[in-house]
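What follows is a pair of complexes built around chain A, which joins chain B in one and chain C in the other.
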Partner chain A sequence: MNDGTPNLAATQDAVLAQLQITPSLPQPSLPEPAAPAPAPAPSTGGGLGISPSLPSAGSSGISPSLPGSSTPAPSAPASPPSGSGSNLNITITNPDKLPSLPAGQHELKLVIQDPAKQVPADSGLGFIEIFIAIVAALLIAPFVQREAGKWTANLNALQFVQKNGIAISAYLLIFTIGWIVFMIILPQLYMFDFSFRHNLPPPDIGGPADTYTLKNYKYLIFGRESDSDLFNWLHLEVFAKTIFASVIVTLINFALCYPLAFFMAQSVRGRSQRLLFLCLLLPFWVNEILRAFAFKLIFADLGLINSFLIGIGILDQPYDFLSANVALYTGLTYAYILLMIFPLYNAIESLDPNQVEAARDMGASWITIHRRVVMPHAKPGIASGCTMVFMLTAGALAAPNILGGPSSLWFTQIIYQWYNTGGNWPQGSAYAFVLLISCIIFVRIMMRVFKVGLGDIAKR
Partner chain B sequence: MSTNQLRTWVVRGYIILFFLYLFGPLMIMSASAFNMSSYPTITPWEGTTVKWFGELAANDRLVSGFINSLWVGAGVVALSVPTALAGAIMLMQVSERVRPIYYTIVVSPVLVPGVIIGISTVIFWERFGSLVGLDYETTNNPFFLTIVGQSTFISAYCMLVFIARLQRFDKTQEEAALDLGATHVQVFWKVLIPFLRPAILSSIVLAFLTSFENYNTTVFTMVARGTLTTELAGLARFGVNPSISALAVVIMGFTLIGAVVYEVKKRREEAIVEASKKRAAMKRMKDTEAAAAQAAAAA
Partner chain C sequence: MSSVELDQVTIRFGDFVAVDNCNLTIESGEFFSFLGPSGCGKTTILRAVSGFNDPTEGSVRIGAKDMRGIGPNNRPTALIFQNLALFPLMSVADNIAFGLEVRGIPYNERRRRAEELLNLIALPGQGDKMVSELSGGQRQRVAIARALAVEPEVLLLDEPLSALDLKLRQHMRTELRAIQQRVGITFIYITHDQGEALTMSDRIAVMSAGIVQQVGNGSEIYNNPATSFVASFVGENNAFFGKVSRAEGNYAVIDTSFGPLRGINNRGLSEGDEAYLFIRPEVLRPATGDASGDTVFETEALKEEFEGSFLHVFLKSENADKPYKMAIVNDANVTRHAAGTNVKVTFDADRAVALPVGELADE
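== the complex of A and B ==
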């Protein structure tokens, strides 16, 4: 089957004949077709490559040197750790394309691959993992494409260097590319990659045990296999609670800030407006931790509200506001008020007061004016404020740490625990990635609902 | 009472409640710094003291955290301001087709939770460092990781400041300077940077303050060390000592002084503007009078 192949070779550059030694292998993986160059191709990653140039290819001449048959190939630096099975790939390059070689002489490439590298440890998941890998590749592909597009756009345009001079161009390129590649994109990709790995001690990283797995994501949904419950209710509940509570906090925040923003934008001018702004800004110069701590003083067992309620005889026992999350929600609402009020103010401020006046003259009710005139105009501000507040609330760690009761958890706290006390970074990465995806979905929904661009949201 | 009056009262009551919500907790916390009680509270009041301020200065962890915060803040300013400037200039220059994609990428750190930025920074430098053979001490240095991690999103904040200013930049200034024989570097330092000075100053302040106050990213990247904010969080969570309140009083004191200075300065500027306006108006009046007199004389 391997010798006389000119008729096959006429159709393609390279013919890839695959010889499977052990049929027990579930998924034989194809190596990349060898380049039609006269030089022997190097071994592909992880596999052992033998590329002798044989005058005539015959299957009988190859078989004795296979590692699958207990005797390792002489030129192999190390034999595969598990002798369960190997692939033998014989690549015959089209002789017509290689005029330098005498007729009948074929390039032969043997690639013996270690199946442990290719088949995941829990082989029952093989299909799903490959599917996930494809999805991941599709997710990453746009980024790669964008990056490539940006680079070529910049490299192609020689006028970029002409326009800026060499020194300034170098500065611009080094800092921007360094920022984008090493600070924005690669860390996220590494975290994504890491979330599919086993929790290994450092010496094993990069070793044979360092394979891809879905178990970190499986754990979030199903928990330990030994658990009696089907789902990991504790973590799923915390996740749902975090998202739901963040939405509620955002809505409360909006309801609280909208009237003030409207009042400041439409009714106050000059000095008193500046004073109002100053008063708004002042509390936010105080550290976030201290702001949360202030709420702890109010809501703690020995805090102001409990002392007051006990003092006037409504309660005889202090009510545990911390465990009931009252303190947490109040503190979270407080923490990001500024990020709601300023976008709202900016958006409403640009509305011509005459429009409101005109609507009022035409007999529109107070609610109609806001619903039909002010809010449509302030849409970008509303989207920006709500998105920022939601993201910061869902990603908050300090306020839940300080104001959350001992029994209540925020999703970021679970992530932190995986990193800190849990000592399971891949697991933490998987959780962090789930949070990231939820946030991206939320931003997308906001952009869709309010019909605004990302620029409107990020601008504060 | 008419509906109009009622509405005015509702608005007033709402604003008072709003600012009570804003300032009440801080005032209670400040008051608790002066209470003798060893637990930070204002009820019951066990006597007035300032000993918690002494305790604050004696807390070694807070003091060393404060010094660490200053270093990290300086590093973040040094890294993120040039990065943000480069990013903003680049945005003005990339082609129309690439611009939205480029903008999405560089602005995305603003919207990524700080926790995730912290985690990904630690993982990336740990794994990438070993891949390219970087020294373990460097890639796991808490200061290096914190500065890089914080700069990821602080650069994006600062870039927004620069973009706002750059949009008003008159490109012809640059072209004129180049036509007159200036080198690109000279144009950069003598035309662009002076124009951007206000934006540079405000982004330095923004970067430093954001870095100083950051918790979510820092708590991951600082590993075993701590900044003032992370130390404070530990104290606020477990410690029950009014010296935290004392720190709040110190910070608020500085803030108030700053605010008052700002307000006074603004009012003085306003007064100057008013005065010059008045003077100009007077002058205009005199001019028109003189013109009228001249016209009358000519007639």
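== the complex of A and C ==
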């Protein structure tokens, strides 16, 4: 604003703006230089973000006037709105700053696309939304004030509020609802919606081509129509392999953790128990990537294990643990071991030791004791641990990326490729949802088979 | 049926001696109780018999067979836990038949046996209920049935009645005794409740600090305690401290702060020994007229408590924290004693017991 003329700038989130400049009717009386325009009100065209004070358009010496706005504009004429965009009359006051136009008055038409129809990934909480929120809040405020007494009385009647007080109840409600809605439901719904859309270049988004489709899901099953195979064997096979391998990893994990959890819960007390917990926890301070690469080093051709096996003469030449996916399964098993141990520990810890002794006294062998007494008691913990390990293993990315053999592919890697190198977010979302929903169905079936309720899992 | 022999059993946990050189023979078919305050080592003995821990020294023999190295699952014993330890996820019948199940007995046979035992414990047809649907007393009986199902030679009971309320506890005492007489196997019963021990047992071992103080039937333990601990732990007792001034025949005269008092001397006290004279509240009675001698003493009445069948008079003792107690039968000519008045008290020397000074039980 160094030259004293008002500037026009669109807000940053108005990404697509078309500037159309057309010769306009002569204007007889125009103040020069134009007075600073008042702050524009939200346009009727929907979501038009214009701020006169943002110094981004340089000093091109143009003054805006908004048709349809109630604020008085210095320039009189207003061209009728056309198309889907809003119109804005702009007077060129310093024509030398716009060299391609002759001196005189011109009409500038700014066509700004509705931000709601723009690339969703770019739409943050913009100025307009905040503005609307503030206006709405101010409008509601008097009613709130008038009704506040009644509301407080009603709120206080609620048991939940009585117990926690208004401030804490409000915090709890807002936090949990906010958490659930904004952190869980909305993003997932968004991706879910995404998975039914075409992968369009940004300009076409919101256009006529932007329709719902099942093709992303169809692609996983049938592949490209031009392909000779009936089914998309490559991806289906990776999918099946991922689920199967995750089941195996979960079982190995359970087999390893159950005895340890039983030992920690029923046999060890005091110092040694705390020491054991520390030994389990501390390694997980090392980040996942570092751990995965460490595993890679251990299992590599010239790594620790091969060197040892060759050294003691069991192997003549290095065994390729990486290609055989030994490293991958080991890494995956280790990655989520805590999520298996702790639910198991919690479940077994609550078992009355006398139950074990009573069973033993009745003559039961250790296997029978575990089959008939300990495991039935720990079932919710077992279900909880297995579910978590299975879900996370099926959704793991770092370990398969780093430790997977050259020929093996984890389903998450395909998803990652769709998002990242493929640039096809709808396709990636569809794959991700297939994985998620398959895993949920699988877990629910398993829970049904072993007669575990969802509530049981939450108890642990 | 088998006898249980504890031969010089010592059990140590680190430096702590839980059971110190215990020698006992529990006869086959006997109802034998271990009585003692908590921490006296009675549960440790029970666990040594059932096989959950082996003695550090000495041996446990069941039916003349040394049990060292034989696990609890292979011993002819069954243990009833203090909290019963029924399996909450199994039905009543499955609980009772668990021992049969692990022995590989087929389902129908198990079911039949469970039903028989349910009849024995007076819960017929309740096999399909869950344990949580039963009352405390019913659970108690299910625990007994579960233990009996494996047909043990020795049944071990670890304070199984302590969780029940008073009325039920008294009922279960009779019931336990009846069950024991019906099945005829050896019962080893652990309790800190002398009422339970005295009413149910054939013989009782009183324990303190890992040492068996006395073994005998109820009246021996009560009337003729072997140590000052037994005298003070079983029933109520008044202890008079002093030095033996005379020991003649079956009697010893002890110089107490209330003058010389005489009692039975079964434990070889001789002149000059420090001793306690134990006189039970029901043995003390108000003296009549001008009675004097070594069975009469005078003290101050502190307060009276009227209990119905008895009138309890608390008397000033040598120890301000523990007044003596005199229990007078509440009959027609009972005399009342106002607080602060002097009382002349007498007793029967044959029912007063002189014992060497030793540990007294905490009230």
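By our rule, the second predicted complex is superposed on the first by the 255 of 460 C-alpha atoms of A that agree within 3 Å, B and C clash if a C-alpha of one lies under 4 Å from a C-alpha of the other, contacts with A are read in each partner's own complex, and residues count from 1 in each chain.
Simple rule for what comes next: a contact is a pair of C-beta atoms (placed from the backbone, for glycine too) under 8 Å apart; a residue touches a chain by one contact, two chains touch by 3 or more.
It should be emphasised that the depicted structure is a prediction, and the values quoted were computed from it without experimental measurement.
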Message = Just checking: does A:365 make contact with chain B only, chain C only, both, or neither of them? Give me first, second, both or neither.
response = second
Query = Where does A:387 make contact in the superposed view: on chain B (first), on chain C (second), on both, or on neither?
reply = first
Inquiry  = According to the stated criteria, A:373 is in contact with first (chain B), second (chain C), both, or neither; which is it?
reply    = second
Message = By the touch definition at the top of the document, which applies to A:444: first (chain B), second (chain C), both, or neither?
response = neither
Ask   = Which touches a greater number of chain A residues, chain B or chain C?
value = B
Key: Contacts of A:224 with chain B and chain C, given as first, second, both or neither   = neither
Request  = Across the two complexes, find the residues of chain A that touch chain B and also touch chain C.
outcome  = none
Ask   = Which positions of chain A touch chain B when the two form their complex?
value = 146, 149-150, 153-154, 157, 160, 163-168, 171-172, 174-176, 178-180, 182-188, 190-191, 194, 205-206, 256, 259-260, 263, 271, 274-275, 278-283, 285-298, 300, 302-304, 307-308, 311, 334, 337, 387-388, 391-392, 394-398, 401-402, 412, 415-416, 419, 425, 428-429, 432-433, 435-436, 439, 443, 454-455, 457-460
Task = Give every residue of chain C touching chain A within the complex, in rising order.
result = 50-52, 71-74, 77-79, 81-83, 85-87, 89-90, 98-99, 101-103, 146, 150
Key: Interfacial residue positions of chain B with respect to chain A in the complex   = 11, 14-15, 18-19, 21-23, 25-26, 28-29, 32, 39-44, 82-83, 85-87, 89-90, 93-95, 97-98, 101-117, 119-121, 123-124, 127-128, 130, 148, 151-152, 155-156, 160, 183-185, 188, 213, 215-216, 219-220, 228-229, 232-233, 236-237, 244-245, 247-248, 251-252, 255-256, 258-259, 262-263, 266-267, 270
Note = chain A contacts chain C in the complex at 352, 354-355, 357-365, 368, 372-373, 376-377
